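Note that subunit A is present in both complexes that follow, paired respectively with subunit B and with subunit C.
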Partner chain A sequence: MRREPARGFAQHMPVIFPGLMLTVFFIVPFGTMVVVSFFRRQQGGFYVPDFVLANYARFLTPFFGNVLAFSLYLAVAVAVVSLVVAVPFTYLIARSRRRTQVIWLVALLSILSLSEVIIGFAWSTLLSRTAGITNLLVRFGLMEAPKALVPGFGAVLTGMVYQAMPYAVLVLYPSMVRLDPTLTEAARTLGASPLKAFFTVVLPALRTTLIATLIMAFIFALGSYLLPQILGRPSHWTLSVLITDQALYQSNMPFAAAMAVFLVLVSLALVTLTMFVGKKLEA
Partner chain B sequence: MTKLTDLSVSRRALLAAGATGAAVLAMPNVLRAQDRSLKVGAYGGYFKDSFDKNVFPEFTKATGIAVESVAEPTGEAWLVQLQQAANAGEAPADVSMISQTSMLKGQATELWAPLDAAKIKNIDALIPAFVNKYPDGRIAGIGAVAWYVTLVSNTDVYKEAPTSWAYLWDASNADKLGLMALVSNSFLLEVTAKTFFGGTNALDTEEGILKVFDKLAELKGNVRLWYRDEAQFEQALKSGEIPMGQYYHDVTGLAIADGFPVRSTFPKEGGILDSGCWALSKASKKVEEAHLFIDFMSQPSIQALVTRKVGTAPTVKRSLTDLTDAEFAAASSEIDPIIPRYDMQVEKADWLNEKWTELIVG
Partner chain C sequence: MSGLVLKGVSREFGPVKAVNDVDLEVPNGRFVCLLGPSGCGKTTLLRMIAGLDVPTAGTISIDGEDITRLPTHKRNLGMVFQSLALFPHLTVGGNIAYALRIRGLSKEEQARRVEELLALVHLPGYADRAVSKLSGGQRQRVAIARALAVSPRLFLLDEPLSALDAKLREAMQVELRQLQQQLGITTIVVTHDQREAMTMADTVIVMQGGEIRQAASPVEIYRKPADTFVADFIGSTNLIDIARDGDRGVLLGRPAAIALPYGVSKATLSIRPEDVELTAPSPDLPEATVTFVRDLGGTIEFFLDAGGAQVVAVTSPRARPEVAIGDRVGLRLDPGRSVVLTR
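Let's turn to the complex of A and B:
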């Protein structure tokens, strides 16, 4: 069956609504941000319309370069860890009984109803010295004395993976469920171990979904600004934290906008690269 | 036939009347047009709760003007929100409690509607330093409360109270401190200057400020938490997770009253004295009510009430209030305080912010 290209106004109608929404809620705000990033900052006050590059110039220093590099590194780490945890997890869920599946998915979805603040505070208590999980380890004789695991890189990573996991599972789940079980059976019949079948048959068959999950978790982690503050030290603050600082506390909108535009451009470039590599692998 | 038409017209009129009635009910503003009200912004949490419970009802009782209190975030976030709203002609709060740095920043864009001294008869009761003025002498804000940021510690971890801010630098405090994350609310430059450089005059020049920054950098290894959110530190201080740091004297007093093992100490260099002004947004239309409110809050008797209930220091002359020595001492100290360099904080805001961020993040 060949689809005819849409002709005339009536046939284009269905795409007008999403197009309009995209314009109003994405293109216009982003455009405003780009425009503001060229405005001139009035110290102690607000900003005045202008066309200056100072906001971008201020950003191009080794200091902000390091912060950007750390933000990207953290986002990649969160994406990879989420994927590594979510893939076997979703695979097992997809293979289990319908009832078990529903229970797991509902539990997972309920994480999404928690606010980032609650997640942050809960993890900071769980990882603290006075009330944290190390007290349990001491109780079981596995540790000498309770220890604080927060603030630190591990705590930030844990909190952010916890937050990104449900999304990763939700993206993976439909493909995992739809995956033809005969593929694995064929591999097993031909003598592959379950593990080998998983790595050589299941994963390659899901390549596109895996890349999509990776990209989604990456973008999601890149925008996080609360968890790095609650669970990390200042050296673990991401670019998003500094953007918030400038926008909310310093009322320096032009500088905040310039950093945000830069962050969007860098993430778009990385996403394009990932998709390009994905295509290459497929070819 | 004619009769039928008549009926249909009257039914239409009835429907119209019903719709109007429903619309009026749906917009309580129209119904309460005669009632006077005022939206007042106060720092959210314990501060606002205490004002809601103890202070605002007194104002409503005295004037008949209802107070609708709005929780404002600490720091300069509220200033940004007020500013953006005012640009759009809106006032999320008519009168807000605003810190000194934010007062000056708001002055730069004429955000505060000038107040009329003739309508505030209690203005003479105020300590002159707490009347915030534009450079040309117009009144931008009137002192609401003064508060101290002091050296706080957990009594289970530190048996002896520290005596000096210098103790923060002590090698034994590695990874134990909680300090505020912004240069404009922690005032740690001022603290360092007074503790190690003989006074905040050391911050007059950029070279001087850089020297103070160097000294402050030595402190970094001792800091476990640079907090933006007060609750985060308060919780950790009470549990002993982060046993020392800088915090508000008034809120710490409340925690002590609740039985938590914490203490607030005025070090020998003094506590950091900051204050909040009542300021009126230029977008507000409740100018008359705002003046009544500010005048009411500046009465010595109300200032004494606030000191007793909220734990902040009064902005009126102490001699005019009926506060006992013990009540005054609970909220204040005889030790010469560290006064923040607001001029520096505003004039060099961007430069300080950049150096500060590089110091704590880098």
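Let's turn to the complex of A and C:
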């Protein structure tokens, strides 16, 4: 279909407005950060315009490399676990009655109204030795003595999955509800058990949504900096924690900016890769 | 007995009886149509045969084996859904091979069988196409091929042709019937289209309110309907009140040479429009006034008012009587081609 070239301000609005928003809220702040990342730091928390690579060079030490690797590992783990939990959960909700669906979704969305601090301390209490769930296990005779599960990697993972779950369900739900229920029935008439039908028909048919959910949960987890501090040991701190530390407490803005830029680039690369793999699967 | 046997099958949804105490026998190799208005329970009955729904009472068996509670995936069926339910993430070949893949056949065997089935449904060479790129009729054929992939014991179709346009639907009806004859497979089709049922079926089962009203061959259903519902639902008919007067019946105010069954004083006569002949008025025949003439080219319909009762007559253009709106005519109702219905 051929279209008339757009004339005048009003006709250009569909391009101008999003372009403006993108510039103001993404390009300018991110550009500032890129620029600052090349500035030179002065003693006393100031920095002057310059072009030095020292900030990036400092970053290429084993210590920061390890922290980056752990951050990515944690984000991937959170994304995968969220998906594994959210998919069957959403599938069962989508197959239930309308009333049941609403109740579950409202309950789930109410998690979003909790602040990260409350979530963090709630889990640290729940996983503690004195008041935690291990006491229940001891009561039921499943454990010898109560045990502290916090701080630890499991605790960080649990807290972050708890936080990412509502978002994962929100992304999955519309596609799951729209999925034709006769697809599973067709698979069953063709000889697939309900479980096999789920894995050979439902999941492949929702592939695009699953990848979108994975990416969203990954990016969400990558930015988390409070829960690793509340629920983890220093070895479980993410790059976001270090960036905050450098920016706010060490007053080393250029170094923090360099780390942030690197984090954005790495995550962009990973997201591109995931989408590329998804496209390959589709073909 | 060999074949599909249903005994006292019922399905209740809360207080609603969707299917009520249905008995049915389908010998192997038969083509059966479940026909009825929407909400008559025909789809629920088919879903119970498929195992997608479980009866609240009664048993279903195939070749003497009770399958009432056997899970769907162990029944070895082929089913075509109203929505077709083609898997969007698979190609045409992938869809057809799905049942073979589940059963662990080798890639070569799968490919060979897919080509066989595509040839059967007249779509050779389509294996690598995307399902979304097919026309409605082609999707229909893919759905049929997929259902037949493992040579099932039962071939079930739920309103399979309802999404197609009228012309294509008629062509597919003929094709589906020929395919069934070629394969000799026991087939059950749910439809609300009586033309479809008449075209394809060995046995038409007319359902209403969760019950079977009549099960017979298409011609018998048309010629000898069991009750007024069947008479009215299959084709169009005139339902005229008939009363007893001594040994004879009284029809539209005139004595008629139609006997009522013993002990029945009032009944309904069903006579098809093509069996109503218009003649000159005569004292022996019921009389009527022509109220409207619908000339459709191929057939001509006369709407008549016979003392308050509406009667429709149909003729071909060649046999067209010379009548116009407002004329008085005599009605010759052939007793041999009419049925007396007591319910």
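As a convention for this text, the second predicted complex is superposed on the first by the 272 of 283 C-alpha atoms of A that agree within 3 Å, B and C clash if a C-alpha of one lies under 4 Å from a C-alpha of the other, contacts with A are read in each partner's own complex, and residues count from 1 in each chain.
Basically, contacts are C-beta pairs under 8 Å (C-beta built on N, C-alpha and C of every residue); 3 or more make two chains touch, one makes a residue touch a chain.
None of these values were measured; they are calculated from a predicted model.
After superposition on subunit A, the partners subunit B and subunit C are accommodated together without colliding. Look at A:113: by the touch rule set out above, it reaches neither subunit B nor subunit C. Working from the superposition on chain A, the subunit A vertex angle toward subunit B and subunit C, CA centres, sits at 150° in steps of 10. By the touch criterion stated above, A:148 is placed in contact with subunit B alone, subunit C being left untouched. Touch criterion met: A:247 reaches subunit B, while subunit C stays clear of it. Which of subunit B and subunit C touches more residues of subunit A is settled by the count: it is B.
When the two structures are aligned on their common chain, the gap between the nearest CA atoms of subunit B and subunit C comes to 46 Å. Subunit A residues in contact with subunit B (one complex) as well as with subunit C (other complex) do not exist. Taken in their complex, subunit A has these residues touching subunit B: 41-46, 58, 63, 66-67, 121, 124, 128-131, 148, 151, 229-230, 233-235, 237, 242, 245, 247-252. Per the touch definition, subunit B reaches subunit A in the complex via residues 75-77, 79-80, 83, 87, 104-105, 108-109, 181-182, 184, 224-226, 228-229, 232, 236, 239-241, 346-347, 349-350, 353-354, 357-358, 360-362.
Subunit A meets subunit C in the complex at residues 180, 182-183, 185-194, 196-197, 200-201, 204-205, 207, 282. Those residues of subunit C that touch subunit A in the complex are listed here as 50-52, 71-73, 75-79, 81-83, 85, 87-90, 98-99, 102-103, 146-147, 149-150, 156.
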